[in-house]
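Scrolling down, you'll hit the structures one after another.
Each of the next two complexes has subunit A plus one more chain, namely subunit B in the first and subunit C in the second.
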Partner chain A sequence: MLGQLFVRECRQTAKSLIYWLIVLILIFDFTTQLGEMEIDEEPQPGQESYGYRQSEDPDIIMRSTLGQLTEEYVRENYTTYPIGFYKNVTLNEKDDARIGQILEETAGIAGRESAEQVREEWYAAQNGQDSADNMENMMYQEPLKVKPADGLTYEHFTELMDEADKILGGGSNYGKEYREKNAQVPMTYEDAVKEYGALIEEDRLTGGYARLFCDYMVIFLGILPVFLAVTRGLRDRRSMMQELIYTRKCSSLTVMVSRYLAMLVMLTLPVLILSLNPLLKCMSYAGKAGITVDMLAFVKYTFGWLLPTVMAVTALGMFLTELTDTAAAVLVQGAWWFIAVFGGVDRLKGGMYGWNLMPRHNTELNWQGFHGGFAQLAANRLFYMAAALLLVALTVFIYSQKRKGRLHIRGKILANRKSKS
Partner chain B sequence: MSTTIEIRNLNQYYGKKQALRDINLTIETGMFGLLGRNGAGKTTLMKVIATLLPRSEGEVTVCGRSTLRAQEVRRIVGYLPQDFSMYPNMTVYEAMDYLGVLSGLSKAKRRQRIPRLLERVNLQDDRRKKVKALSGGMKRRLGIAQAILHNPKVLIVDEPTAGLDPEERVRFRNLLCEIAEDRIVILSTHIVGDIEATCEDIAVLDEGNVIYQGTVSDLIAMAEGKVYSAEISKRELELLKKDYLVTSMLTLGNNVMARFLAEERPFASAKLCEAGVEDAYMYLMHVGRGEYGC
Partner chain C sequence: MERYWQIEKVNLKYHIPLHVLISVLLLLISPFLIGVANLGAQDTAKALEMYVALIGIVLLPPVFLPEQNHDIRDLIYTKYLNGTAIYLVRILGNILLMAVLLGLYIGMLAYHGCEFPAGKYFCGTLTEMLFLGGLGVFFYGLCDNLVIGYMAPIVYYIAAIGGGEKYMKMFYPFSMVRGSYGEKVWLAFGAVILVIGGVWFRCRRKRRFVR
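And then the complex of A and B:
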């Protein structure tokens, strides 16, 4: 019975408008982010740039952070991410003066005019005659670095930066979490070769691109499945079909599990189809370069990386819809998605997956980071799968109770509203 | 194996409100009518039998199976709710097939039964029509077809003729009678004509109580000798309404032919009439309870 119901649920999903909207959004996501993806060539000596890597050298951290502070002090506005959300901060006179004092104490730059001069000189030195105000050029220039004041210890620097972060309301470039990320240093040819080697040997090319693919897809798969789950859950009531189904012999477990599996399959299917595009690109490149790729990498990553997110979001949607008979799950999932998206902003390069619903790894490189954070990632994914299964079990319980005339929370809510009005 | 529905001392509550009061009924094979006003408790009683509501107190067994064992009861019960529809984008055949799968019917059985049932409810030519394109009557017929798809021993239909035109209503009643030849069919309605045309055994519910259980002819017998008609003026009609329950009126120029209930002949021109189910029902609901002083 489960198999036959599953097939019919898949058919129903395929006839649903919301499903095709989801597919269109996934295609849009893919084509805008990865549609023109090109496979990395092997680094060659003497290239203009090999990209950047994060440095742990205190001197580099201080120079980069002070460079950021000088830039923002000159502009008189600061970019922050308190609890992960973007915010543009403009300070009052008193706080602005204190930031000026901190800059003077840490970098020996007294006042805004001096700071502006430091900035001008930095960019002029890089571009010869070009002005620092030439924004087009600035995009290709190395970010401003400022030498720390003589005798400034790293400890004192961190204290003052913590104070600046506090003045800015947290989430600034000067807080503990972010200032270390300011210290981006150009990769050497050797660094680049090592990274490329890992992509070819450890990831067999497709592994790295599968992670990048997952990074883009997971953002939308962290929210879209809830719409499918909610519309499916509400369809019985809207179609006035609930009682016809409730009185059937079929068990609640079979009804709910067939729906859940159908949604998972129908959501995973377009993702797998889309993954054929980067797979073919990888295969084409590998054929020319004489590399053996992992043909199943995209399938493995889709199931390992994306499916737990789809499972969790779909299960939450089913659970809340069955519990409340409303679209409340969209609001709940929307809030969770927002927090998860912004929570992942500072972890784009991968390696730090934490417990985020949507683990990020916005590069085909950094195999080392992936390898180092794999245990954490596996725990994360298993946790969401387990949570999803628990939610499905609870949904089955609620559904079975509703079939017996119990737990009709929507009815109680409406009755309560009527009695109050 | 028992072929009856036994209801013993059934009490049903919605919070503090009591919807059914100490119901005792035995329902046997054939058509059984549940008659009563809107809100009398008919739907509640049927939902308890169909396992859609947990009974608060008492015992309900369907062909020997307690309603506490819901899944067992669902195998042998077909239910047609008052307000229902099906997924609008499904065709008639797809909807039947989907519900057939939920009833645990094999592919072979579905292929065999669905066309036969659609034929029976006269929807065979509409099997490819989308549910959203069906008329009210067609939807009701589809409702009956889905309710007997798994060949249940008991069929429960709640207000099935509401909103149907007279022709559809007659066709529907006939269909129910055919179905009831070899199973229990419980027909709930507040339309007396439906009961009169289809049922032999009935129960009348009022405010959660069974106020009558027996045959239709016994119910009619209760009103025999108490139904009168008289041609009176419109002014006299107002006076008549104050003392007697008028069950029908037919305007004849300046006069009115009134049919009413009275314990004895109220005036010389009143003629004794043969009682019908509607007269008997009205007698039971109003006069028998002392609402009119006749």
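And then the complex of A and C:
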């Protein structure tokens, strides 16, 4: 019975306009973000830049953090993530003055004019006087580093940075969590070769690109499944078949599970098909470079990274639709998507996956970060899978209660009127 | 005039309160998510365009919802008053509500020390709200499906965040951040076309149904 219903639900989904719109959007997402993807070449000696890496040296941490503080003090604008969300903070006069004092105490820079001068001298020293005024060039230059004031201990530095973080409302670049992240140092040729080596040997090329693929696809998969789930949930009501289906012999568990599985399969299928494109690119490159790729990497990452998100979003859509008989799940999931996307803005490089519905890793490199954060990522994915299954179980319960004529929480007349909408 | 006021009264009493409540909640929780005090013009534009404008998706697309049930729609269309008039009254009423909520929010931003051209930002944000809502109205009218009505503006918004400027050009919604208002004229024009198109599709469906 489950198999028959599953096949029927898959057919229903394939006939749904919403489903094909979702497929089109996924193709659009893939084409615009990864359509022109090129495979990384091995780093060569003498390149202009090899990117940046994180340092654990206290002196570098202090210089980088003070550089950030100087930059933001000059801009009069501070970036914070108070509860994981991107937020711009502009201080009032009193707080601004205190930040100025902290900067003077830690870096010996007194006032905004001096800070601006330090900043200009830094960029001018890198590429000549002309580029100091060229803001567009700044993103290609080494970020500002500021020497700590004489006699400043690391302990006192952390105390003052904690205070600055408190003034900014928490979650700033000066809080404990983010201070070490500031210490970005240019990678040497050796560092770059080591990172590339990890991509080839540990990830076998396809692993890194599979993560990048997941990073782009998860953004849309964090919301699109809810449209399918809500439409499917409302379809019986819309076509006035709800009561008829209620009377069928088939158990509530079979009806709901077959529906859920069909949606998961139909949503995963286009993702797997799209992943063939980067896989073929990787294979083509690997063939020329003599690399043995992991042929199943995209499948593994699709199921391990993307499927839990699809499961959670679909389950939430089913649950709220069954509970409320409305499209409220779209708005709820929209809000969750907004929170998850902006909560991941500061974690694009990977390695810090947290409990975000849409874990990010916006690079094919950083295997080390992925490896270090793997336990956290696995816990995250398992949590969302478990939450999805719990929501499905609750949906089955609500559905079975409705079949018994219960849970008309809004009253008979209202429920009856809305039941056909 | 009295009958149009009656339509709006029913809308305010039965159809739109939940959506207004969601919009108010969205605005009330904003200080926890984005900066709302002492912002410069660019950051204020970001808050308005990327967050506050979202209430356009909440408030405008559901204008066809009360007649989603075909039986009710059939009954309503037998009445003397044209269905188009009912939809237009609701749309205008909801636009007014959006303008009021936006006006209050902009007042709050100014009160908290944000420096920005209030009039320009009000018009620019309202235009984006109308375009987002207009997309919803159009696709709801076209497909007779509220979910698609929500889906279209949400996907448009996500695409815009994900570097959509390259593809959207004059229909890019976050142009105020970089001080450009030319796109808002296109968005306003697009919003009018979308709303009219959505109502037309809805009523065209009605005529076919009556025949």
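One rule holds for everything that comes next: the second predicted complex is superposed on the first by the 408 of 421 C-alpha atoms of A that agree within 3 Å, B and C clash if a C-alpha of one lies under 4 Å from a C-alpha of the other, contacts with A are read in each partner's own complex, and residues count from 1 in each chain.
Definition applied: contacts are C-beta pairs under 8 Å (C-beta built on N, C-alpha and C of every residue); 3 or more make two chains touch, one makes a residue touch a chain.
No experiment lies behind these values; they were computed from the predicted model shown.
Between subunit B and subunit C, it is C that contacts the larger number of residues in subunit A. Residue contacts after overlaying the shared chain place A:V330 against subunit C, while subunit B stays out of touching range.
In the superposition on chain A, contact of A:L21 is made with subunit C only, not with subunit B.
Legend: residue contacts after superposition of the two complexes on their common chain; A:R406 is shown touching subunit B, with no touch to subunit C.
Contact with subunit C, but none with subunit B, is seen for A:T32 once the two complexes are overlaid on the shared chain. Contacts of A:V230 after superposition on the shared chain: subunit C is touched, whereas subunit B is not.
In the superposed model, A:M1 makes contact with subunit B only, not with subunit C. Residue contacts after overlaying the shared chain place A:I219 against subunit C, while subunit B stays out of touching range. Common to the subunit B and subunit C contact sets on subunit A is no residue at all.
The touching residues of subunit A, counted against subunit B in their complex, run 1, 4-5, 8, 12, 15, 235, 239-241, 243-251, 255, 403-406. Of all residues in subunit C, only 22, 26, 32-35, 37-40, 43, 46, 54, 57-58, 65, 68-72, 113, 143, 145-148, 150-151, 154-155, 158-159, 161-163, 167 touch subunit A in the complex they form. Contact residues on subunit B toward subunit A in their complex (touch as defined above): 47, 50-54, 70-71, 74-75, 77-79, 81, 83-89, 97-99, 101-104, 107, 146, 150. Within the complex formed with subunit C, the residues of subunit A that make contact are 17-18, 21, 25, 28-29, 32-33, 76-77, 82-83, 85-92, 219-220, 223, 227, 230-231, 234, 327, 330-331, 334-335, 337-339, 341-342, 417-418, 420-421.
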